[in-house]
Every structure is written in structure tokens, then in C-alpha cells.
Amino acid sequence: MELILAIAAGALYGTGFYMMLRRRLGQLIVGLGLLSNGTNLLIFTAGGLTRARAPIIAGDAQELARPYADPVPQALVLTAIVIGFGVLAFSLVLAHRVHIATGADDIEEIESGQ
Amino acid sequence: MTSLILRTGARVLMPLLLLFGVFLLLRGHNEPGGGFVGGLVVAAAYALHSFAFGVAAARRALLVSPRRLTASGLLLALGSGLLGPAGGKEFLASLWPAPEMGIGTPLLFDLGVFLVVIGVVLTMTFTLFEEL
Amino acid sequence: MTQWLTGILVLIGALLMLLAAVGVLRLPDLFTRMQASTKASTLGLACLLAGTALQLAEVSSSIRAVSIGAFLMLTSPVSTHVIARAAYLMRVPLWEGTVVDEWREDAGGEPEAGT
Amino acid sequence: MILANLLLALAWAALNGRFTLESLVVGGVLGRVILLILARGGVLPERQVARGERAVVLMGYLLWQIVLANLRVALDVVSVRFRMRPGVIRLPLDVTTDGEILLLSAMINLTPGSVALDVSPDRRIMYVHVMHIETPEDAKRRIKEGFERRVLGLRVPQKEGGDEA
Amino acid sequence: MNRLVLPLVIPLLTAIILLFAPRKALWQRWISFAGSIGLLAAAIALFLRIERDGIAVLQAGGWRAPFGITLVADLLAAMLVVAAGIVAVAVTATSFAGVDPKREASGYHPLLHVLFMGVCGAFLTGDLFNLYVWFEVMLVASFVLMALHRTRGQLEAAFKYVTLNLIASSVFLTALGLLYGGTGTLNLADLSTVFRGREMGAFELVLAMLFFSAFGIKAALFPLFFWLPASYHTPPAAVGAVFAGLLTKVGIYSLIRIFTLLFRDAPPGVYTLLLGQALCTMIVGLVGALAQRDFRRVLSFNLIGHLGYTSVGLALVTPAAMAGSILYILHHILVITNLYLVSGIFLRLRRTTQLAELGSMYRERPLAAALALIPVFSLAGVPPLSGFVGKVALLRATLEASAYWTSAAILVVGVLTLLSMGRLWEASFWKPAPNPEKAPLNRVILLPIAGLSAATLAITFAAEPLFTLALRAGEQLLRPEAYIEAVLYGGARR
Amino acid sequence: MRPEMLVYAALVLVSAALLIAFVRVVRGPTLPDRVVAVDLIGVCAAGLSVLGAAVSGQRGFLDAAVVIALLGFLGTVAYARYAEKESLK
Amino acid sequence: MRIALNAMLPLIVLSPFFLLPLVVRLGKQRAQWAALLALWPAVLAVYFGALMRQVGQAGPVQASLGWAASLGLELSFYADGLSLLFALLISGVGSLIVLFSSRYFDQDPRAGRFQAILFAFMGSMLGLVLADNLLALVAFWELTGFTSYLLIGFEHERAEARSAALQALIVTGAGGMALLAAGVLIGQAAGSFNLSALLARGVRLEDAASYPFVAVLVLLAAFTKSAQTPFHFWLPNAMTAPTPVSAYLHSATMVKAGLYLVARMTPLVGETPLWNGLVTAVGAITMAIGAWRSVAETDLKRVLAYSTVSALGLIMMLLGVGTEAAVAGALVYLSAHAGYKGGLFLVAGTLEHEVGTRNVTELSGLRRSMPVLAVAGLLAACSMAGIPLFLGFTGKELLYDSLLGAGGGWGPLLLLAAVGASALMGAAAFIAGWSPFAGSGGPAPEHKVPAALAAPPLIMAAAGLAAGIWPGAIDGVIGLAVSGVLGDAPPVRLSLWHGLTPVLGLSLLTLALVAVLFRWRIGVRRRIEPLRMDFERGYTLALRGLDALSAWSLRALQGGSLRAYVLVLIMIVGGLVLTVLISQGLPGFPDVMDVQPQEAAAALLIVGGAISAARSKSIITAVLSLGLTGYGVGLTFLLFGAPDLAMTQFSVETLTAVIFVLVFYHHRSVGPMSTWPIRLRDSLMAVLFGGSIAAVLLFVGAADTPLRLSGYFAENALPLAHGRNIVNVILVDFRALDTMGEITVLSTAALGVFAVLRLGRDMKS
């Protein structure tokens, strides 16, 4: 499974950057979103995969029964997801402001218009 | 004003979403859930409401301004962190007056997170609805 | 025995979902695709939920399963409706085999904004 | 309103998986708070709450209708050549309240070959997409008799204060 | 309460109070200023304590390292927090001379304090993921501060800044994920023990490269620097001052932490890479500065060039070089912040920082010119100002380490800086301005400039104690056993 | 061991449904077509999640299914609104 | 007394800096008050005289104020004969210059500032010549350069003043950098930065590995500062400075810092073929070129500037020859030059001040209206031309004497050059000092020359005559100074009359040549004027080259295109990672092929969504596809035991879609696609980068993760943190600080969205 998820993460990084290299503001932001998803997947995968054993202590136990999915990468990814959301939303709005200010969506046109 | 079906659906879904959001918050310490996802669900409820009834109605429905909500959440989280030092422990150290009831500063902290998330998402969506 | 029941229920549910997906892929226009997706997905998921509730055999899970089903039945008409409305306003073409369109007739052939 | 509150309390207990007095009380209080918030925020005129709940209750009854619907669709999907005669029809409405209209549209959606598309602003007409139309009138009649009648049948006078239109 | 937490709590609390407080300018300014004073006081208290008692540690939540998040302050961190406090006070004081009212109402003040919180958090954290969080705090605040503008050029610059920094964050996060995947821990001290004595294989080297890229972008090192000159010249002077003074330093600081704790046993090739990068950063920055025709762009490129100075210690890993870099970082924070504030004078008077439009300051505003003379020529390394002291320290260190090319680059860059600053001075202070001033000057704006100039002079006079401190800090960095000991076994435990 | 096989088969079928629906997302041709397909993908994801609960016995899966069901709806509403606005331009 | 003088040294040296606030205030007052400022340098001169006496009796003195000892940087001072000779010149001439300036800048609002910078310069110069610590010497060295920058640029409204100031700053600043390097190298090689210690130990660096560098760096500094060819061009350009500055910095003091440095360093790094050869050769060439150009100029101050260059070269050459006689000659010549050249500059400045021009072809016949000034000019010119009885004559005698006896095979050539240069300089002396006063006609001054302007040049010029007549008055000083260079040398005996020696013959020959050249000066000037070598060209070209390089580097590295930056970042990061992976060889292929259908579906959804996003033409399809990848990632989380994550991911994905949709209602995201080669290039880059990330993740990150932290959490979450959902416990307790930062990020982002949109609306309206 690591192989497949590694490919998936790689695809997200690759397409994320590919979209950031396109000419439209909107595509750039979508690229950022893909990149952010890729990073989250990478952290999760690198932290080790354990099927369907959520790190939640069962109602009658005092301690987590092994094996369990490592909760630490989960906490990290959760933080990263939320931060990524905030940042992505902000960048999107900023891109839109650039669009309004310049009347253009083509990055080349925006940059040459100065 | 949008369609009748959407409005009615939203009206019925709203309390369920809110309930579910609070539910996720409160039992997040023991089961899947927590302040983040709880807050997101509640925020989604109000976002849906603004789609169905417009943002002015959603603002009315929220009662508090999302900015205030954000600031209160931050203050609550920080305050719960400062309760530790007030009780002679480290910053962010938890105090558990009633651990078996699940009542302790971490819950307060999570509540802060919950409020921040609601406030943030709604600040964003409401502003987007209004300013664009 | 319940395990068998579970198995059969979830299998039916899964088949229905597959059917819905095939419908969405195959059927000729948006509205017919929506017919497939709405029904199959709701009933399919309901079957899955029923099977799972049987399998887990505990109150809270059953209630949760029921509430998911209820949510879905509540939301599915609404989503169908909003998509259909958008499609109508966008003048998404109907399949050439469509026999009647009274909606557009009422609107005088012109889609109008905001009901 | 009280019924709504009770339902929310039950839902809470169900979500928690514990039908203890404690969780019922907590759920009741929570539900009350949410309803109060929503009422203050102008989201929920009380009678619509009640209608929504009854619509939910009706869902169970619909189940077998849904099964039929699915079989029919399955046939359409898998048949090599499309044999349906789809179309959009105009359905004059007898139901009036929001809850009834929502319920009706839900039932239309979940049953054979029909999808509710829109309701006219004056609530008099619902547009429905139907997969198999012999004649439009026939399709309308089937819906009106199959479902609208049942929905109208739900209009049992309630003793709860303020719940009646 | 443990003093370590105050540099985080005070700015956050200030920001929250500012969010609740009336949006009236005067309220916001005074609360903001009071918060900065509080931050500076807390920073100084922390520094004094550390100077006396050694490395201080706070185990947040009372969870012992490496399980909780450890806040830790050694000399370097404490000094930088003090510098951040000074910058905070100077910048918030500047707002009394007036801020664009729209920006002020849009959360300018709380954003500044969030930024300070992020910076202090980055300096004080002993946990790598927590560092990421502080980076984001800092970045988002800076994004917003940068975006609070209306002109097209400013927005475009902000957008570039945001995009390229987000890539850096993404690379950082990638490195973090892999790091945790390979080691199972995030605490820097704990990681240091994990990596100690371990041969640098593919895993370690990939991590080193990823961290180098991520922090190199933040620190604007060659060849990852281009976002900085593309954006730093556009925000208002006070915002530019904080950015230039603090943000890039956080990148350098993180590189220092990573390379002294995690990759202590890196193969020589890595250090060659670091050194080459430092050289190129210096040269490219200063050469780039020469063609600039805008006061703040000149500063941007000088900033980059001198970031090369500050990363020399990292590459040479001798206490003297580290001390030199540390001293230079402290000097540079004060001076470059001050220079951006000086650019604010021009923005007030002439509504532009295009060099062609400036001039006549020396004759018409001798006080402002005299105050500006200090940072301009301190940056140029004119003795006895702080830049000279820093340069001497670095030169001694590089020559001692037989890094002759680096020494040569330091000297050449010294001349280029002199040239660049000489031209800057000539164009903006000496030459007759083409147009009369467009607005009166609120003299309040001179107060923070005077304060920072005084601080620059203080570095000169206190060169001995400061350099001794820097040496001690450098030794702490290069012999991290005390740091590790303090983190893993110090502070309250649970 | 047979009943588990059925659940396993169900997993395969729902996974297949999800991917088939994805093809419709790619094909479009109109935005509503895609939205319908995405909606269906959401339902399939919820289905996988429910099946996960059946396989593992963990309730967490059901909670996730609730979230998917509830929020997928919001997404659909948003996209539909976009389509409407687009059509009015 | 002795102890007191000793201990006072640092304070005395730094006193001009301490006095700055007073100087600014007093300097602004009317001339008669401002003139009081001249008292302080005079006091300093007296002090240095007293100290000289003490040093003569008891040897050099040393005192320190400390500074940054651990950097090797100390404010320590050392006074021996050599430094005190310079200190005397600096303070003595300084006093006269301050006096002169008080009148020159009378009624000028900038007078206070001018006097202050002058004092700062004086302090730096004293620090330079009296510094014991090498690095302090460098500091003062650079400070003289900086203060001279401010002084040359004093008339900063004029473009040529600014560019001359910058030129001087850069040229001498570059030298300063060289000196800094040399200082550090010397300190490291010799183990101390203190000259007193090094001199006392008799350290010589000849054998150190760094010796060639040290020597060349020291000389580079000396040559730039003392305007040696090819760096001399800055000096004539600096003549745009106010006259007191030219007189003080560019003749009497600062330009001699290089000579001081060479003399000072001779015991440490000198007396090797490399050193002596370079110093002699550069000095000689400079002497020749300066002398040649001096008679070609018409601007009084440029005449003087080139003759200064020539004199500096001459002294440098003598230091290079390095014999006792040569060093003594150098120091006598240097002292004489300080007097006459300072005087001539002040004469020139007064003429300009009173008449309004400095052009020698326009000035004539002024002796009647300015008799005192004419006397001063004539006396100074005589000393400069080496007329017997003047100190200049004594200096020239020593020059010829030392060249006759030394220089190896090059001796005769040097001698020839010296005679020629002396003759040209003599002619220049009269051109500058006498021709404005001789003849008749020409412009007339408006009023009488004030005493404060006339007295200083007269005093300086007269001093040359006095010292020439009574050389015994200074030979003690010179002797002490020589011993500062060469160690304990036998006492120097200066005398007016040496008898009928070849040297006397050469002197007479020189005087005859002077007469001839002065008589036909106009013809000579016409002949010489076109024959110029543009040494400034190097500087100009270097600057132009730098600017071109700068512009090029900006075009290359700072093109301004965001996409280019992104591409470069990707290439760097990906390149570094790939380099490591390839160079290290990939570790073993992990066991990875255990896949279940739902997992495969999730992964396919991710990959498919990603590709669909990249291929989509409409932005909303891209957003939808982004959402699908999010769903895929969420499913993955769900299937691998992370329900919290999955729920958050699904919610966030939906809300992201909502926000995208809200924005793109109003954002027409249509535009040209890039051309297919660019798309191909970017796809390749994307595949390469994505591939390297996948490889890293697979080979590097997918190894088993030690449960270093999680074990503790699993054990203690319930007993200590009272929670069963460990992810949540981590978020709100174990690592609550992260969460605190995270909600701060979120709040800030929301504030940002609000502010950006609000400002955007304000702009629209």
C-alpha cells in the first residue's frame, strides 16, 4: 500500500506544481491545494500505515491495545490540514484581489502590466 | 431568496447539524470528534443557512459576530492554558475538577478551538458572501 | 445468521450503488442520470447501513445508521432540486428522446432568474 | 417545540449510545439551547420544526416504494437500448406548507422514475422529471394519488400549542 | 509563571485585547504599544535569567520531553527574543506617527502582535513541528500585513510573497513528515540524540537538503532568495521593518538549530554547500543592490547580501564563526529595521522611495539625517559602528578557519556595501530633491529611529560583553549537550 | 467465512462504483453532470465508510459517514449555486 | 608628570569626539567665537610636544581604554617618535585650519556641522597614528575615510562634490578592507594585535605563510590612502572640497596616513625585496606622474593636488629605499610638505574666497592688494621649490643624498626621476604660490583679507623657513621618528650646509630647471596638457562593470515572473533530493504490495483527481477535482485508522469548495493556456518532481516508525489526561501549544480574508 500511496502523494506534488506553473491565478491556487493535500498524505504515509485501528482506547480498557495507528502523525496532519485550509482560503482571496486590481487572471498579463 | 425546497431542507437540517457539531465537540476527548471537526460542522450549518436564506439571515441566526466568536475562542483557549499557571502548574497544564465527567481545562481548550473554527469559517464565508 | 443477513444486505446495497454509478455513466442526459444517482445511492446506502447496524448490533450504532439514512433521504431531494434548477437555468440540453418539457413551456422557453 | 426538543434529546442519547437519564437530560438541555438559539436567530418558526419531524417519521413508510423505484431504474440502466420516455411535467400542488412540499418532493425523488426539479414561487406548481411518460396527465395523476394524498393525510390536527397552521 | 511563556502569551493576549478593543486608532495604538513594552520587558527578564542561570526550559502542559512540547531558551534564543522585543517597541511606536486609517481598522495592530508571537515562538520552541506552527503563525500574519494594500504592485508583490513562502512551508512539512516517519519523534533534543553518531545516509541527507531548502527560502539565501526583493519594497515602512528585521532571521536561526542539533555529523560536502551558498548570497545580494533605483529595493538586496554574512557561522561551525554570525545577526536586526523605518520618512515626505525623487534631507532635516546616518553607515560597516564590529568578528573567524575565499568575499562585499550605502546616502540625503516635500513630517516618527540608532551605538560600546555573549551562545550551539540535557531532563515533569 | 466474503465483495463493488462515478466527473460535459457525479462519489465514500464499520466494528467509521453525508450536501448546494450564477452571466 | 601624560593619552586622542556637541554649538557662532575652537588643537599640539620630550627621554608610552578585547579590538594607544611626529603635524596644522575655517565659514549656517566633522576627522587621524591595537588602527583608518567622505561632499548640492566624495570613500574604503584583512592576518600570525608588543618583541612576519598577502594588503591600503599611482586619481577630484579640507586632509594629514602605515609596518613586514621593491617603484612612478601633471593644470588646487601626489610618491619612494638617510629624508620632506602645501592650499582658498576664481591664468598682480598673502605664498613656494634656507631644501638634500648612496642598479634612474620631478614641482610651486601675485592686471579683491584667513598660511609658510634656518629645532623630533621606523638608529643631524658635494650640484641644477620651467610655464603647459593618462578610467570602468553585472544578475535571477521563481524552486528542491538519492543509492525496496480494493479506489481517486485537475480547462472543474483528491485523501485516512482526520478532511474539503465557489462567482478565470512545449516541459518537471517525492517517501519514509512518542501517549492518555481518543488528547493536552498556534493561524487568516475583501470593496467604491 505504501507504494500506491507514495505514487498518489507524488502525483499530488507533481500536479500541484504543474498547476502552479500555469498561467491562471485560479489554477495556481488549485495547485496550492493539491500540494497541501499531497503533503498531508505524505506525512500520514511516512508515519506508518495501520489498517482500521484508530488510536482510541476502547470503552472497557485502560490502555490502547496494540497494534494501533500511530496517533502522532494524525495529530500533525490534523494541524496541517487546518492550517492549510486557512492559508489556502487566504491565498485564494488574495489572488482574487489581485484579479480585481489588475482586471486580469493571466499571470503573465498581470506581471507585464506594471 | 432561493428556492422553497432548499430553504425548507436547510431549516430542518440546521438543528441536526448543530446538534451533531456540539456532539462531536463534547465527546471528542473519548471518541472521534473534537473542537475542530465540531466547529467545522457547525460552521457548515451556518454556511448552508446563508446559501438558503442569505447571509443577513445567517448572521442573525448566529447571534454573535463571527469576529467576536473568533476572539472569544482564542481568549478561552489561552485562558484555559493560563489556568494551569494560576493553579501552580505549567502553562497549558490541565486541571481536572471532575475527570470522570470529562470536565477539565482540556474541554475548555477544545471549546475555544470550536469557537475559533466557527468564527473563522463564518468570517470567511460571510465576508465572501457580502463583499463580492 | 445475522452475518449472512448483513452480508446480503450490504451486497445488495453495494450492487445498487454500482448500478447508480453505471447509470450516471451511461444514461443519456443529466436528468436521467440524476434519476439513477438519487435512487440507487439512497437505497444502496440504506442497505449498507441496515446491514452494518445488524452486524454491530448495538443501539448507538443502529441509531447512527438510521440517522445517516434519514439525513440522506432529507438531503437527497434537496440536492437533486438544486442541481436540476441550475441545470435548467444553464439550459443543459435534454436527451433527444424526451417527450415533454412543461417547465420550459411555462417559462416561455426562456429560463428566468430567481424564483 | 416540545416534541422537537424531545426528539433532539433522544437523538443525543442515541448518538451517545446511552439511553440513561443523564444523557437524556443533557440532550434535552442541549436541544433546548439549540432550538432557542435558532428561534432567536429567526431560523425556525415552531410549526415547521414539527412538520420536519413528521416528515422524518414518514421515511420508514416509504422504504418499500423506494425498493420498487430502484428496480425500475436498474432495468433502465442495464438495458442495452434506452426504452424510457422521459420528460418534465407540471404538477399542480394541493399541499401548501413548506414541510409538506419538502416531504412530497422527497417522496417523488425516492420513488419510481421521478425527480422533483422545482417549485414555482407561488407554491402552486411543482415541476417533476419523469422517466416513463405515457401521457403527462397520467404521470401527474399517479404522483398526486400515490404521494400527495398520503402527505395530505399527515395533516392530523395536533394538540401542541402553536403547531397548527 | 515560567518566564519562557511570556513572550508568547503577551503578544497573543495583546492581539486578542486589540480584537475586542474599540477600533479607534488611539486605543489600538496605545494597547499595541503597551503590549510591545510588555514583550520587551518579558524578553529582557528572560534574557537576564538565562544569562545568570543557564538554559531555561518550559515543558508546556507539564508533559516531559520529548512527549510534550518543550519551550527552551538558550543564550541565542534569548538574545533574539530581546531583539524582537526591541523591534516590536520601535515598530509599534512608529504607529503613533500615523498609520493608514483603513489598514489600522483592518487589524493592523493585532496582526503585528501575532507576528511577534510567531517570531518569539520560533525562537523559543524546542520542537520541530511546533516550529512549523510558529512559522505559519508568522507567515500568515505577514501575508495579511503585506496584503493590506491597494496598489496593484503591492498586491502583486504580496501574492508572490505568499506563493513562494507557501512552497517553502510545504517543503518544510514534507521534511517533517519524513523525519517523524524515520525517527518517531519531533523534539529537537531528542532528535539530536537519535541522530548522534549515526552515519548520514540517504534518509539523513534528504532531510538535510529538504530542511536546507525550506529554511533557505525563508532565510532568503542564494539561490532561493528571489521572493524577497520581489516583495519587501512594497509594504509600508513599519511592516517592511519588521519583515526585514525579523522574518529572515528566523530562517537563519532555524538553519542554525537544525544543523547544530540534527546534522552535527554531516559530511563535508554539506558544509561546502552551505559555505558556497553563503558566499553566493553575499555576492549576489550586493551586486544586485547596485542596479537598484529605489531606497527600499536597495535595502532588500543589502539584506540578502548580509544574510550571507549571517550564515557563515553555520557553514564553518567554529565557535568564533558562530559568534560572529550571531553578533552580526543582532546588529543587522537593529540596523535594517531602522533603515526601513527611515524609508518611512521618505514615504511620508515624498510619497515614494524612488531614489530619483528623494534628496535634500541633509540640508532640510539635519536631525533626521543625523539619525539616519548611523544605520546607513553602520550597515556599510563604518567603524566604530556595529557593522564594523560584526565584520571584524566574522573576518577573524573565517581567517582562523582558513576560509580564505569567504574572507575575501566578506571584504569585497564590505566594499560593495560601502558603495551601495554611499550611493544611497548621496541620492536620498545629499542630492537636491527634484520636487518639494509633499507633506509635513510628524516628528514622532523620529523617536523609534533615534531609539534604534542608540541601540546600534550601544552594540558598539557593549561590543565586548556582547561578543563574549555571542561566543558563549556559539559554544552552547556547537556543544549542544547542555541544551539536550536541559530539554530532556529539565523543567517540570509528569 | 462466507458472510465476510460478501462484505468484501461489497467493498469491491462500492469501490468500483466510486471510480465509475469519477469517470463521469472527468467526462462532464456540463457542470451539473459533474456535480451529480461528485455527489455520488460522496455517497460512495460514505458507503465505504459504513462498510468499514461493518468490517472493523469501530463506530468511528459511522461518524465519518455522518460527516460525509451532511457536508457533501453543502458542497452540492455550493456547486449548484455556482452553476446558476455562471448561467446568469 | 610622566605618568599623567601617559595616562591622559587615550582621553587626549579621543577628546575631539567628546567635544563634538560643544563644537557644533560654538562653530555656529560668529567667527571670533568660533575661532576659540582652534585653541583645543593647539593644546593638543603642546601636549604632544611634551609627550615627545618624555618619549625622547624614557621611550615609547602605551595606554589602553579597552573595548572588545575578545575580538582583539582594543582602544589602546602607543606613542613613539614616529606617531608623535604625525600627531604634532595633525594637531598643529589642525589648529591653524580650524582658525582658518572659523573665518572661511563665517555666517554660514553649516559652520557648526563643518567644524564638528573636522574635529571628528582630527580625532580619527590622531587615533590612526597613535593606535597601538592594529584593529583599532584599521577602525580609525576607515573613520578618516568616512569623515573625509563627509568633508569632500560638504558642498553636496554639487554633483561633482558628491561623486568625488563617493570616489574617495570607495577607493580608500577598499584599501581599508585590505588593511583590515592584513591586520587580522598579522594578529593571527604574530599572536597579538598590539603594535607595542609586536615591536617590543621584534616580531617579523617574513617567514609566515601569509606574508605575501599581508605585505600586499598593507601596501594596497597605503597606496590607496596616499594616492599612489594608479589610485591617485581620487585626490585631484577631491579638490572640489572646501579649501580647509584640501589643506588639512589632502596635503597635511590624511594622505600621509599611507606613508605612516608604510613606516609603521616596516619593522614588522618591511625590509624585504617584495616590500621595498613595490614601495620604491610605486613611489617613484607616482612622483613622476604627479609632477608631470602638476604643471599641466590651471586650477590652483589641482596644481597643488598633483604636486601633492608627486610629493607623496617621493616620500613613498624614500621609505622604499629604506636606508637611514632615506627615512630621515622622507620624514623631513613630509614635515616640510605639511607646512608649505597646507600654506599654499590656504592661500589658494583665500584667493578663491576673496577673488572668486582659482584659475591661474586669470589670477595675477594681487601682491599689492594682498601683501600678507603674497608673502605667505612666496615663502611656501620657496620651501616647496627647495630654495636654500627653507626646510624644503633640507628635505631635498636628504633626498638626493640618500638616492646617491642607495637603490642598487636602479639608483641612477631614481635619481634622475627625482631631479626631474623636483624641477617640475618647483615650477608648480611658483605657479601656485607666486604667479597669482606677480605681474599686473587681473581681478581685484573686494576687501582686505581678514587676519584669520591670512595668518594661518603665513604661519605655515614661515615655519618652513624657520625650520630650514634652524634645523636643530626639529632634528631631535625627526631622529626619534626615524628610530620609530628603523629601531634604535643613531641620532639624526640636520644641517643647512653640507659643503660642496654632488648633492649641492644637483640642487643647483634643479633650481636652474625650476627657473626655466617657470619662465616658460605657459608653453610647457601647452605641450604637456594633452599628454594625459586617464587613471580614473579603471575606477569608472570597474563601477560601470559592476552596474552592468548587477543589471545582468537581476535579469538572470530576478526576472520578476512568479512562474519562473516557482520553477526554479522546484528544480532546486527536486534537484537536491534527486542528487542525494542518486548519489546514495536507493535502499531496499520495502514490502509494499498489500492492497485492498477500497484502498486502491481511494488512491486512484487521488491520482485521477490530480490529473483531472491538471487537465481541466475550466476552473470549477479543477476545483471539483481538487475536492476529489481531498476525498481520496480523506478516505485513505479513514481506512488507515484515522477517523478524526477523515472527518476533518471531509469537512475542510467541503468548506474549501464553498469558499472557492464563492470566490469564483466573481472571478473570470479564463486566459490563454501556455504553449505545448511549455506544458510539456512543465509536465516533465512535474513528473520528475513528483517521482522524486514518491521515491523519497517510499524508500526513506515508509520504513517502520519507532513508537517513541506514541507508546507514552497510549499508556498515559487515560490515566493522566483522562481521554480515550488519543489524537484529541494530543491536540488539546499533550501538544496543546501546537493547537494554540494553529487557531492563531486560522484567526489570522480569517482576519486577512476579511481585511483584504473589505479593502477591496473600498477600492471599488
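Letters are used for the chains, namely A, B, C, D, E, F and G, taken in the order the chains are written, and counting of residues starts over at 1 for each.
To be clear about the criterion, contacts are C-beta pairs under 8 Å (C-beta built on N, C-alpha and C of every residue); 3 or more make two chains touch, one makes a residue touch a chain.
All values reported here derive from a predicted model rather than from experimental measurement.
Touch-path distance (fewest steps) from chain C to chain E is 2. Of the two chain pairs examined here, B-F and B-C, the one linked by more C-beta pairs in contact is B-F. Of all chains, the one whose CA centroid is most distant from that of chain E is D.
Note: the chain lying farthest from chain G is D, by mean C-alpha position.
Averaging Cα coordinates per chain places chain D and chain G 85 Å apart.
With each centre defined as the average position of its C-alpha atoms, the distance from chain A to chain B rounds to 23 Å.
Centre-to-centre separation between chain D and chain E, using Cα means, comes to 61 Å. Each of residues 11-12, 14, 16, 18, 31, 35, 51-52, 58-60, 63-64, 66-67, 70-71, 73-74, 77-78, 81, 86 in chain F touches at least two other chains. Shared contact sites, meaning residues of chain A that touch two or more other chains, fall at 20, 28, 42, 44-48, 52-54, 56, 70, 72-73, 78-79, 82-83, 86-87, 89-90, 93-94, 96-97, 101, 111. Among the residues of chain B, those in touch with two or more other chains are 2-3, 5-6, 9, 12-13, 16, 20, 24, 30-33, 36-37, 40-41, 44, 47, 67, 70-71, 74, 78, 81, 92, 94, 117, 120, 124, 128, 132. Pairwise, the chains that touch each other are A-B, A-E, A-F, A-G, B-C, B-D, B-E, B-F, B-G, C-D, C-F, E-G, F-G.
If you check the complex, the residues on chain B that touch chain F are 2, 6, 13, 16-17, 20, 24, 31-33, 37, 40-41, 44, 47-48, 51-52.
Per the touch definition, chain G reaches chain A in the complex via residues 560-563, 566-567, 570, 590, 592-596, 599-600, 603, 606-607, 610-611, 613-614, 619, 622-623, 625-626, 629-630, 632-633, 636-637, 639-645, 648-649, 652, 655-656, 659-660, 663-664, 666-674, 682-683, 685-687, 689-695, 697-698, 701-702, 704-705, 707, 709-710, 713-715, 717-719, 724-727, 730-731, 735, 738-739, 742, 745-746, 748-750, 752-753, 756-757, 759-760, 763-764. Taken in their complex, chain E has these residues touching chain G: 12, 15, 60-61, 63, 66-69, 71, 102-103, 106-107, 110-111, 114, 117-118, 121, 129-130, 133-134, 136-137, 140-141, 143-144, 147-150, 159-160, 163-164, 167, 171, 174, 177-178, 180-186, 190, 201-203, 205-206, 209-210, 212-213, 217, 223-224, 226-227, 229-230, 284, 287-291, 362-363, 366, 377, 382-384, 388-389, 391-393, 395-396, 399-400, 407, 411-412, 414-416, 418-419, 422-423, 426, 429-432, 463-464, 467-468, 471, 494. Only residues 52-54, 56 of chain A touch chain F when the two sit together in their complex. Within the complex, the chain A residues that touch chain G are 1-30, 33-34, 37-38, 40-42, 44-59, 62-64, 66, 68-75, 77-79, 81-90, 92-94, 96-97, 99-101, 104-109, 111.
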